[in-house]
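Two complexes are shown next, each including chain A; its partner changes from chain B in the first to chain C in the second.
Presenting the complex of A and B:
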C-alpha cells in the first residue's frame, strides 16, 4: 500500500531539509574514515541538495548521476583495493546514500534513505563501542524515527516538535523491549560467515616485528591494552612482565618472528619448564588488537591455559584466531621458574644467528669480552654495567639511526628507548656466543583503587631480552632496568622528565590529583561497561542467566516471549486508555447522548447540520407516535443545557425524557 | 476450483488469504445510519510492504551483529525490533474509538463524480494523525485528515456516478498507517448514505417543443418576434442577454426586457413530447430542458407518466424536477 503518486507524496522543502540534517548527523562520524575526496564528495552533495531544495534547482540528468556514481565506486575500490570489508563497505554505503539524494523526490525515496540511515548507524559501532555511543545511538534513533513519522504524514509537514516528541516517546517505549531482548535473546558463538581482515576498531598495539622507534611510538597512546584482576596479592611491579611476541630473527635493524618457534616447535623437541613457589592466578580482559597473541605474566603455567589457547615453542600464548573482540580469560603464572634448562642444537643455532655482515664494532666489543675469559653470566653483567656506568640515556626522543643501527646506538648516540637497549643487548649477547632473543610485551600496570584491578595501557609497552644460560635456562634480562631503574619500579612517568616529551596524559598522572581520581572512576565505568555489556556473548549470557534457571536456549526463548508479551500488553493497555473517549462532565450532554444512542437503534440519527429541535421535528414528522416524546426530550435538553441558572428539576426532567418517558406517556423507546 | 485461483493461491498466498478474509468480513458489515465508533475488536492490522522490508532489514542487521559479536549493534537491532512492536500499538491506538458520521452528499449528474463527505470525530485526549478513508480494492485513491483531541475533521470519499438514481456509498474502509508506516490498521464501515444522481443532461440542442394545448412556438421567446411587454427591475439570476442595456445610463439601474410570450406562456416539459427515443434518452433530454429553462428564467412544469409538477422557477423547484427525473421508473 505504498505507491500512490499523488501530489501529497512529493516532499516538502521543510521535510527535505530535516532529512538532510538527520543524514548529516548519521554520516558525520564516518567522514574521517573515508578517503578525503569521498568525504568531500559527500559533504558537497549534502550541501548542494540543501541549496537545490531552497533555490529550486533542477536535479541533475541521469547520465551525470550515473557517471558520478561509477567514478565514486571505482575510486573507493581503487582506494581500498577491494569492495568488501568493514572500512570499504562503510565508505560505499556512505557514498551511496549521498548519491541517492541526487534523485530523491518522493516520500517513497525517503523510506529508502531512512532504511539506509539505520544501517549506516549500525556500521558506526563496528568502529567504536565506547559508552558515549549509547547516547549517540539514542539521539540518532529518535531523529531518524521522527523523520519516518514525518514521511508517513501526507500533505503539509508536521511541526518538528511533534515528530521529535513522538519519536522520543516511541524510542523510550522500545527501550524496555530492547533491554529484554539484549539479555534474553540467545546469542550464538563466533562469526557466521567469517570476518573481514579489517574487522573491529582500529587499534594501536604491539606488532609482529620490532624496529627502533616502534615502542617509543606506541607509548604515546593512552589506550588500554588490557585490564587484569589478581585473585590474591599481585606480584610487585618490578616482576610484572607481561609476555607478548618473542622475536628471534634479526636483519640488522628489525626483529621478527621465528617460523619454527611459531609452528609450535614440535620438531625441535619439548620445552621443559620447572616452576617454584605458589602460582599467581588472575583474570585478564584483553582489548581486541587483531592479532593472535595473548598476554600472560611471565611465566604462564602450561597446566592452566585459557580455553582454546596454545603455547608456542618460546612460551608465547596464542589464541585460536585473531582477537577481534574483547576477550576475557583466566590464567596462572609463576614468577619463579626455570625455562628450558636443556637447549637443543637447532634452537641454539637460531638464537645465535646474526646477519652475515654489519655491526662490526658491537661484534668486536663482544669478542673482546670473550677474550677476557668471562663466563656467560659475567658477560651479561659486563654488558649491563656498560649501560649503567657509561653515559647512556633513556629517552623518548632518540636521534634517528642510520643503516648500522646497533653500532650507532652503542657507540655514538647512546640515547634510546627500551627497544634500542633490548635490541643492542641481544645483538651483543649473540655476538659473544650466548643464545639470546628479544621479548616484547608490557611491564607494570596501574592499580585502579576503586575497582581493585590493574590497567595496563599501551604506554606500558616494553621490550626486554632473554638469554640462555647453562643450567638456568632462559633468563630474563632487562637492559632498560640498568639504565633507568625507576622505569621498572615506578613506571614511565617517573623515569622520564617532562622535558623528554612525555605525553601529557603521563605527566598529569600523579596519584594524588583530582584528575587521577576522575580518571580512575571513568576507567572503572569503562571496565564495567566492557565486562557486562560489550562482552555479553554466549558464555557470559549462559553464566548470567543460569543464575535465574534459564540455562538453555529453549528457556531463554520462553522467558523472552513472556517478557515481551507482558511489556506489550502493558503498553497496549496504556495506549487504549489514552484513546478512550473523554467522559464529559456535562450531565445534560451525557443524557442527551444516551438518548441519541437509543434513538439511533431505531434508525434516527441527528444530522451534523441539525439542531436538537430540527431533529425532533424530523422524527415527529416521520413517526407521529414518537413525536411527543422526542419533542419533550429536545425541550428538556435545551433547557437543562443552555438555560441560565438552570435548576436541578430541569435535569431530572431530562433524565426522565431520555428514558423515553414522560407525562402520561408509555415508553416511547428503550 | 479454477486454475487461476490455484495460481493465485500459489503466487500470492497472503494476498489471497487477505482477500478471502476481507470478503468474509465485508459481507458481515452492518449498514448503520449514524455515528459509528470504531471499536477495539473491530480494528484489523497487518504489516505494510515497508513493514516487511523493515523487518528484513532488521534481520540482516541482526546477522551482521551476530557475525561481528558487536554488542552495540545488537542493541540497535533490538531497539529497532522494539520500535516495530511499539509501532503496531501506536497504529492500532491511532484508529481505535474514532467516530464517523455522514456529513453531506451533493447530488451530481450521471457521469460525474459523487463526493461523500464524512465527519471524523476524535472523542479522546490523544491526537489522531493521518486518518484516511478509501473504498475497498482502491487503496490509492483516498483522503485523510488529522484530528486534534476532542475535535473533528472532514474526509471525502469519491466515486464515479455512472447511472441516475440513488448511488449508495456501500462499504468503505477507514484506515491509518501512522506513525511509522509499518502497519496498516483498518476497519470496514458502511454508513447509511447515498448520493442522488440526476440523469446525464443531453447535449445542448433544440428547445423544447410547445406543449400541447397552447399552440404558439416557444422558439420565439428570444427571437424578438413577440410583442415587447415592458421592463421590470433586475433580479439576481437574470441573464445578461435579457437586460435592457439602452435604458441603463438613463435609469441608473438595470432593467430586464419582458415579452408577452414569456409572461403568458407556461413551459411544459412533457415526457410524451418525445415519443421517438428510448426512455433514458428522453430523461436526458428533459434534464437538459430543465437546466435550460432554469437558466432562461422561465417558469416550467414537468409531466411524466403518473407524475406532474406544476410550473415554477428557482432552485427548490429545479431540484424537485431533477429528483423526479432521477428516480423515475419507466417500467
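Presenting the complex of A and C:
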C-alpha cells in the first residue's frame, strides 16, 4: 500500500489551470493533424478537466477511464492502421496525455504530465523544422519548465512571474549545451524516426506528366522551389531555363515520359553534347518535392554533376533517390551548347510519334508548311510567327478545351498558358516531321538583394519545347516567348495584365515596396536557416568537423563529451567562485582562513554560515584533544575581529594561535 | 554586575523549566529596552514567565487581561471627578507599571491594541491633553494565541515590529514536564523568589547595552543578512533598516548577557530568529516560498 497523499501532494487550483493552459499550448499544433474525433476528444477532456478543477467535480471512475482509453487506442489504430509511426504515434501520445488528465490528482501525476509535455513538444519536430517551430518550441519549453518549478515547490503556488523568469533563465542556460549537441551529436544518415512516406505529401511541384492547366494551377503557389547562388555573374533572365522533366509521349491531351526513354535510360545513357563558352557554376538548395529529378540550368555539364546524380538520355538530372529532404548540390552549366548532333533512329521515331488519330487541323497546317517546301528551321520560324502575329493571348485563365485540345486551342480559343503553347507547338513540329519534345521546369527566378541569391518559386514553373535540327542538335524553342516576350524577360507578373486576377503575392511584388523588403529579408533568414541548420546532416557534419580533425565517430563523441564536460566545469567553476570567500585585506580574517584551511585538510570544514565559536566547539566535541588549541584560535580570532578590533597585539596572538601550537603539546594541526 | 544577571537567569530557570534559551532571549529583550511578544497556545507558561521576570528583576508588575470590550482608557487611565477637591484627578491605568503583561493581546479591539502599542513606542501616555511619562524601566510582555483561534484580532504586520522579539515557548521537554507535575505549583514558588536586581541596576545595564562593541566586520554580517531578505523572491519585502537596528541591539544585549564586550556572529545568530521572524512578510498569501529566519541564517555566509 502506498501512503495516502497528504495535502502538500495536491496542486492548487491555480496551478492546475496553468498546467492545462500550458498543455493546450503544447497540444494545439497537433490538433489539425489528428483525426477529427481525436482532436475533439482532446479539446473536450481539456475543457472538462478545467471545469472539474473549478467546480470540484469528482474524477471519473476507473472503469470509465479504462473504457475511454481502450476505445481511443482502438480508434487510432483503426484510423492509421497502426499504433506507431510519425502521425499515429503522435496521435496516440496526444490522446493519452489528454486522458491522463482524467486521473490527475496528486503531484506525482502532475510530474508525469509535465514529462510527457516535454516529450510531446519534441514530436513537433517530426512535422516541421522551420524557424517558427523552433521559436514556438522555446516558448513552450519555458512554459513547461516554469510549470515544473511551480509544481516542485512545496506548499502553495509561486507567482507565475517568478517561475516564468526562472524557467526562461534555465532554458537560456541550456542553449549553449543545445548548440554543442547540435554540432557534435553524431548524425545518423537518414531520418532518425523512419518517417513514413506520407511526410510532406502536400508539397506542390512539377509532376511526371503535363496536361493543359497543370502549370497554370501550379503558379498559384508562391512556395519556394529552390534557391540558387551563382559563383559568378548569373546568365540573363531570358536564358535562365531550369531543366526539369522532359516529355516525349503525347496521347492527344497529356504529355508523359517515354516508357522507352525511361526504361531504356540505362542502356541509352547520356548523349553527346558539345559546349562552348565559360561554364556557369552555382549552388542550388532544392526544397523536397518527393521526386527523383533535380533541376539544372540548361545545359548541365556532365563533368560537374552533383554527387550521386546521373544524366538521362534527354539530359535530365536525376538524384539517386527521391528528394525527401532539402538537398543542397553544386552544378555547372553552359548556356551555349550543342546537344546530340546525331539523332539515332529510335529516339527520332519516338520524337515524331503522334497519336494515330486526332488534331486533323494541326496536321493539315503542318503539312501545308511542308508543302511550301520550307526547311526544318523555317518551319519552326513559321510556327513562331503564327503565334506572334496572329491573335494568340497569354492568359492564366484559358477557356476549357474539349477532346481535340490541340486543334481547339490553335484554331478556336487561342488563349492559353505556357503549357498550351509548348504542347501545341510540339505537336505541330511532329506533324511537320521535325523531332520535338516538351521540356518542363522553371524559368527565371527572383534575386534576393539582401542575400545575393536567386529564389525560384513554383510560380516560375514553365514549359517549353525542344526541336531537333540537323547539325544543331536539340534546340530550345519557347513558343511562350513569341506570344508574351515579357514573361521570359521580366517574369510572370509583368506578362499578365492586372485583370487576370494574379495571385496576391505576385501583385505586390514590386521591388522597393516595404512588403517586398520584408519578404526578401524573411526569405534570407529562411535560406540561412536551411543552409546552416537544416542542411547540417551527416555529410555536412563530417565535412565541418573534419576541419577540426574530428573525422571519425570516436573523435566526434570524445569531442562531444569533452565539450559538455568543459561547459559543466565552467558552470561549476562559476558557482564555486560565487561561493568562494572574496579576497580580503583584513589580516585577522586572513590568518583565520589560513588556519581554517589547515583544519579543513583534516576534515574539519567550517560552514560558510557557521560562527567561529560554534565551529571551534564542534571540533572540540568531536576531537577533544584538539579542543584547547581550536578554542584558543577561535577566541583569538573573535577578539581580533569582533570583540576588540584588529590591533597588533591581537593579531600576534592570533598568528600564534593559528600556528596551532598547543601549550607544550606540540602542534595540534599543521 | 553581570553576575546579578546570571543570578537572575538561574532563578528564572528554577521556575520555568527546560526553556533556558527562551529565558535568555526574554532577558536580552528586556536589556535591549525592547518589548516581548510571546505567541503560543494557552497553558505553556506565558503568564508565569512574565510574572517570574517581574519578580526576579524586582519590577512593579501589572497585568491586563485583554478582552474584546476592553477600552483604551482601561489601560491608560482615566480622570475622575472628585467631589472633595472639586476637580478631576487622573487615575493612572495599569500601563503605569514597570512590567506590564498584556495577556492575549489579540483579543482586544484594534483601537485598544493601538493604544497599548503607542504607549510602548512612545514610553509615555497622553490623556486629556496631558502627557505623562511611563516609569523606567518599562517593559511590555504581550501574549498572543496563534491567530487561528476564533474571535481574535491578530496584530497587523505593521504593528508587529513594535515588539523587539517574538518568541514561542512550546511544550516543555519530557524531563521538565515530569518535574513540573511532581513539584509544587509554579506560582507558589514565585512568591519565594527574591529579586536579583534592583530596577536601578537594570537601567544601568540597559545603558551598557549600547556600549557593547560592534566591529565593522560584525555589521557587515548583519547587513548581509538584511540584504539577503531584500533580494529574496519569496518575500514581499525585505527587512527594514529598523529591523537591522533591532538585530544589532538585540545581539548587543545577548552579548552583554553572556559577559562579552563585543558582539560575535554567534550572538547575531542567537537573536536573529526571534527578532526577525515576525517581520518577514511572505510574497504569496500562503507563505509558500518564504524563508524562515533559520533558513536565512543557514545560507548567508559570515563575511
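The rule is short, and it goes like this: the second predicted complex is superposed on the first by the 382 of 670 C-alpha atoms of A that agree within 3 Å, B and C clash if a C-alpha of one lies under 4 Å from a C-alpha of the other, contacts with A are read in each partner's own complex, and residues count from 1 in each chain.
In the analysis below, contacts are C-beta pairs under 8 Å (C-beta built on N, C-alpha and C of every residue); 3 or more make two chains touch, one makes a residue touch a chain.
Nothing here was measured: the structure is a model prediction, and the numbers come from that model.
Undergrad: Now for A:57: first (chain B), second (chain C), both, or neither, which partner does it touch?
TA: After superposing on A, A:57 lies clear of both chain B and chain C.
Undergrad: By residue count, which of the two partners contacts chain A more extensively, chain B or chain C?
TA: After superposition, B is the partner touching more of chain A.
Undergrad: Is A:589 touching anything from chain B or chain C once the two structures are fitted on A? First, second, both or neither.
TA: second
Undergrad: Applying the touch criterion given at the start, work out whether A:159 contacts chain B, chain C, both or neither, answering first, second, both or neither.
TA: Touch partner of A:159: chain C, not chain B.
Undergrad: Which partner does A:568 reach: the first (chain B), the second (chain C), both, or neither?
TA: After superposing on A, A:568 lies in contact with chain B but is clear of chain C.
Undergrad: Of the two partner chains, chain B (first) and chain C (second), which one does A:643 touch, if any: first, second, both, or neither?
TA: A:643: touches chain C, not chain B.
Undergrad: Return first, second, both or neither, reflecting whether A:125 touches chain B, chain C, both chains, or no partner chain.
TA: Once the two structures are laid over each other on A, A:125 reaches chain B alone.
Undergrad: So in the superposed three-chain picture, is A:393 touching just chain B, just chain C, both, or none of them (first/second/both/neither)?
TA: Once the two structures are laid over each other on A, A:393 reaches no partner at all.
Undergrad: Which partner does A:613 reach: the first (chain B), the second (chain C), both, or neither?
TA: In the superposition, A:613 touches chain C alone.
Undergrad: Counting contacts the way the document defines them, which residues of chain A are shared by the two interfaces, the one with chain B and the one with chain C?
TA: On chain A, the residues that contact chain B in one structure and chain C in the other are 153-155, 158, 579, 581, 608-609.
Undergrad: Quick one: in the complex, what on chain B touches chain A?
TA: Touch list, chain B to chain A: 32-35, 37, 40, 48-50, 53-54, 57, 61, 63-83, 85-87, 89-90, 92-94, 96-97, 101-104, 119, 123-126, 129-130, 139-140, 142, 144, 146, 149-150, 177-181, 184.
Undergrad: Which of the residues in chain A come into contact with chain B in the complex?
TA: Residues 1-4, 6, 111, 115, 118-119, 121-122, 125-126, 129, 133-134, 137, 141, 145, 148-149, 151-155, 158, 166, 170-171, 173-178, 181-182, 185, 187-188, 190-195, 199-200, 324-325, 533-537, 564, 568, 571-572, 575-576, 578-582, 600, 603-609 of chain A touch chain B in their complex.
Undergrad: Show which residues of chain C lie in contact with chain A when the two form their complex.
TA: So the residues of chain C in touch with chain A come to 213, 215, 217-218, 233, 260-266, 269, 283-289, 297-302.
Undergrad: Would you pull the chain A residues touching chain C in the complex into a rising list?
TA: Residue list for chain A touching chain C: 153-159, 162, 579, 581, 586, 589, 608-614, 638, 641-645.
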